[in-house]
Amino acid sequence: MMDATKLPVVEILSLIDDGKLSSEELVKAYRAALEGDRASAKPLNAYVEFFDDAGDLARAADARRKAGERLPLLGVPFAVKDNISIAGRALTCASDILEGYTSPYSATVIERLVAAGAIPVGRTNMDEFAMGSSCEYSRYGATRNPFDRDRTPGGSSGGSAVAVAAGMAAFSLGSETGGSVRLPASFCGLYGLKPSYGRLSRYGLVAFGSSLDQIGICARTAGDAALILSVAAGRDDHDETSADAPVPGARLEALPRGLAGLRVAVPGEFSGIGTDPEVASAFERVISLFEKAGAAVERISFPLLKSCIALYYIIAPAEASSNLARFDGIRYGARVDGGKGLFSLYSVTRDRGFGPEVKRRIVVGNFVLSSGYVDAYYKKALAVRTLLVRELTGLFGRFDLLLSPTSPTPAFRIGEKVDDPVAMYLSDLCTTFANLAGVPALSIPAGATKSGLPIGVQIAGKLFSEPLLLGTAAALRGEGL
Amino acid sequence: MGIERAELIVGCEVHVQLLTKTKAFCACENRYGGIPNTRVCPTCLALPGALPRVNRELLDKSILAGLALNCTVASLTKFDRKNYMYPDLPKGYQISQFDMPICEGGWLDIDVSGTTKRIGIIRLHMEEDAGKNLHIDDRRSYVDFNRCGAPLAEIVSKPDIRSAEEASAYVQGIREVMRFIGVSECNMEEGSLRCDVNVNLHVTEGVGEFATPIAEIKNLNSFRSIRNAIAYEERRQLEEWKGKRVTLQMAGKQTRGWDDDRGVSVLQRTKEEASDYRYFPEPDLKPIVVTSAHVERIRAMLPELPRVMRARFEKDFGLTAYDAQVLTTSSSIAAYFDAAAAKSVDPKKAANWIQTEVLGVLNTQGITVDEFPVPPEDIAKLVDSVQSGINTISMAKDIFSRMINSNMSFDALMATRVQTRNADGSAIAAWVDEVLAANPKVVEDWKRGRKNAALWLMGQVMKKSGGTADAKLANAILERRLQALQ
Amino acid sequence: MPDTERLSDEALDALLFLSRLELSPDERSRLKRQAGEIISHFDSLSRIDTSDAQADHSGAVDAGSLRADEIGPSLPVPAMKRLSGNFLDGYFAVPKIIEGE
């Protein structure tokens, strides 16, 4: 039998259609890849759980297909970041505080993918509560990068990226608050889509920064990402911030694909920031590909982009400090009752349950919201965010795309930044603006370093311009990227 | 230099639980009581990943309440998070409104010792209720989340209240209006109306005026405790001022609990940080645009309010203030009386009948006026039939109880009665003639145009027949005889 | 201002109380330093002129689009038991609550 584990969704579907591959065989192959890896010296640690019944679900999908059923993703196995709820499955956000919690309901995006025939096969590792850029802050230990096992896969959706990159899933869902899908996608040589705010329902995604959060997609091709997005997108009555913006039948052929005439902005603020020379040259190559294909690339200055990290690390922790207040040990998850009354139950449960990065963000979030500081920090950040949205809207009136590296560097070493939060935060330098402004952004594989580490470039567009982003990515591939 | 004057200053925050089918931000049923923790879902239990959805009735009932209190409705409103952790608050924050409440700037008129006073209302905002902590045994507390997420309107008054009586009248006024417009049951025992009061004194000494520290007394759950707590606090603060001379500027605000059994307020030792609520805009909900057309649609549903209705009943129907009060205790009783009065020749008599007979039946049977089988038009007919002498009081009472028990209309009952009795035209004609002969003055009145005179004469005929005459036939004969006399 | 002085001990205590966190002395001093560092990076925002950045409510929804007031399903009691080992006699049990705590 062929090795189907590295095939894109679109090819898997056609092989299954032709009877050359079954869903059950595919799940078996993914599981074998996972088990082989677990036995290795430095396991990748992509999954925190591969569902025991995944094979049964695949067999059932095969039976439905045999019975004549046709669905857009029937029998396609996918991996799910451990902060997206699946009914009847454990959900931990890689945190001790959710020890023992099983979700009684499914996220809307999960429901839509399952209704389209896709099969969730496991939960993937992540930075605790999606707070981190390296997939190291996890109760399950760090996830390793399949291209260099001493390096991180990027975070926070590191497990989701690795599950796909290492041939253990056809695609995966991650979550994005400041770059958590794009960064690991770029470190692992995948397409990583952060949809427009509201494009996908957040219902069932454990909230981190509610005004920034979106479920994101890790895929092997732009076409796969388009297909998955079209199945999952659209208004959900469970999420008032979801938009009535479906992506109609996004087969890749239907996407806008011409690079000629595209107006592309390259902000200077994302270069000269300690950019790795190999990343810089890969990036320049992408620019020349655009230009050769007839796009108009313009180097611009957009000073507000420099403020996005500060903005992000005020707004996201502020919302997180409130969103994580529900983890109190009262109704579900871990409870540590020292027998010293209510306050002690709260504080000991939360002290033991949360890791250091989560605690830092809760404290910083409470700081920027507390009386005496709220004006200088939180409200100021909201005002700057308003400016950012306004200026970015203006920019996308003049340009179709904003182009940058996804990260100034390729994957960094495990342990390199783990005790230096500020250095870790700077990994998100090029990505947070999209979450702050709500616009879609896509990380595209753009070659690798000499040592074989993948490099990613990022394109962002105006609100709901995902078809343009995905079509552009496919066209770049056609140009030899 | 002694205290020349110590003026009591009181402001009220009233929480009113809104009568909606579902909770404020999820589709769980909104209802009092029941088996604990059976009306909860991922959203109101704050399970990971669950999100709120605004109940449109929360908005519309809040707007109706605000309009009834003469407020201005915001054209743009939003929700905010009020952050504090407590076992009955699953999310660790309450969805409330901070700087853009749905309604602002209204008032409520109250009557205290014969004069009317206008109490200003700063704002009315929407929020969700917490669950309930039960303290059953000494070791643990128990939490029921059925109430968690129930919709609330919080109504904040200006510090316009100057006495315990005014405070009580104000809260009673809020309760009356909210019940009248149907947005809340305002049952203090069940907690669907709760009240916090802010109390301090403005003390005048010589040229100086000093404010004592504001005490916020939380969760007063009866009118008696509202009055007692304020009266107690007035005395306590005066004594404390005399002894310690601590001002509001020096000590700020304090939270006190009311101990109903001992009749004292007790300082609640709360950490200062605990009241740093860290408000910020609720990112899970979008701001809401309220068009003027939407407000006007709701305004059109606003019924005549009880104070206005009472004034009309007194003026148009000649009711006493007391009768008007009794007949406006609920909107349905008021509407019932209004309908009866409109059809009756003597609304005062209709008022009496409803107060004594109808309300009596409602009380003994434990039903509401909406469940009462006799339509108000029949009360009008019944009362008028006594007035005109067709029925004696005791006959009317008999008919009244038969209307209730048989579900038959007044007309139907009268018709059956006559059918089974006298339909002999010559006998009736004889009674008519006797009545006309015996009452020449009334006949003269009739000739001069007093139509009621005919009704009275008809009553005399019925009386003479002992109530046995076929009323229709008797009326026809009387009519013919009178026409002949003209 | 040195980063370590960004947060006074009193301020940190207050924040830890609001955060319902109880830290070991080591963890506490590390957090104090790190949080100070993080906060110092926020200062750059103060230089941005936001006098003209009124909050934008263009995403507001119409009152008529809100959820209709119709009862939906609630969770069954067995689901509650699966959530918590402290679900006793139909209630979530917690340590005795002392008023004002």
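The letters A, B and C name the chains in turn, as written, and every chain counts its residues from 1.
The rule is simple: contacts are C-beta pairs under 8 Å (C-beta built on N, C-alpha and C of every residue); 3 or more make two chains touch, one makes a residue touch a chain.
This is a predicted model, so every value here is computed, not measured.
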item	value
Chain ID, smallest distance between chain and overall C-alpha centroids	C
Pair joined by more contacting C-beta pairs (B-C or A-B)	B-C
Rounded Å distance between chain A and chain C, as computed from the means of their C-alpha atoms	23
Approximate Å spacing (C-alpha centroids) for the pair chain B, chain C	39
Distance from the mean Cα position of chain B to that of chain A, given in whole angstrom	54
Junction residues of chain C, two or more chains touched	14, 18, 20, 61, 67, 75, 83, 92, 94-97
Junction residues of chain B, two or more chains touched	42, 45, 47, 53-54, 83, 85, 87, 143, 276, 278, 286
Two or more partner chains touched - positions in chain A	101, 104, 237, 240, 321, 325, 328, 330-332, 342, 346, 366, 370
List of chain A residues in touch with chain B within their complex	83-85, 91, 93, 98, 101, 103-105, 107, 202-207, 209-211, 237-241, 318-319, 321-322, 324-326, 328, 330-332, 342, 346, 366, 369-371, 374, 378
Contacting residues of chain B [partner chain C, same complex]	20-22, 26-29, 35-42, 45, 47, 53-57, 59-60, 76, 78, 83, 85, 87, 133-135, 138-145, 255, 257, 268-274, 276, 278, 286-291, 294
Residues of chain C touching chain A in the complex	7, 11-12, 14-16, 18-23, 27, 30-31, 34-35, 37-39, 41-42, 44-46, 48, 50, 53-56, 61, 67, 75, 79, 82-86, 92, 94-98, 101
Footprint of chain C on chain A - complex, ascending	101-102, 104, 237, 240, 304, 306-307, 309-311, 313-314, 321, 325, 328, 330-332, 335, 337, 339, 341-348, 350-351, 354, 356, 359-360, 362-364, 366-368, 370, 376-377, 380-384, 386-387, 389-390, 421-422, 425
Residues on chain C engaged by chain B in the complex (per definition of touch)	14, 17-18, 20, 57, 59-64, 66-75, 77, 80, 83, 87-97, 99-100
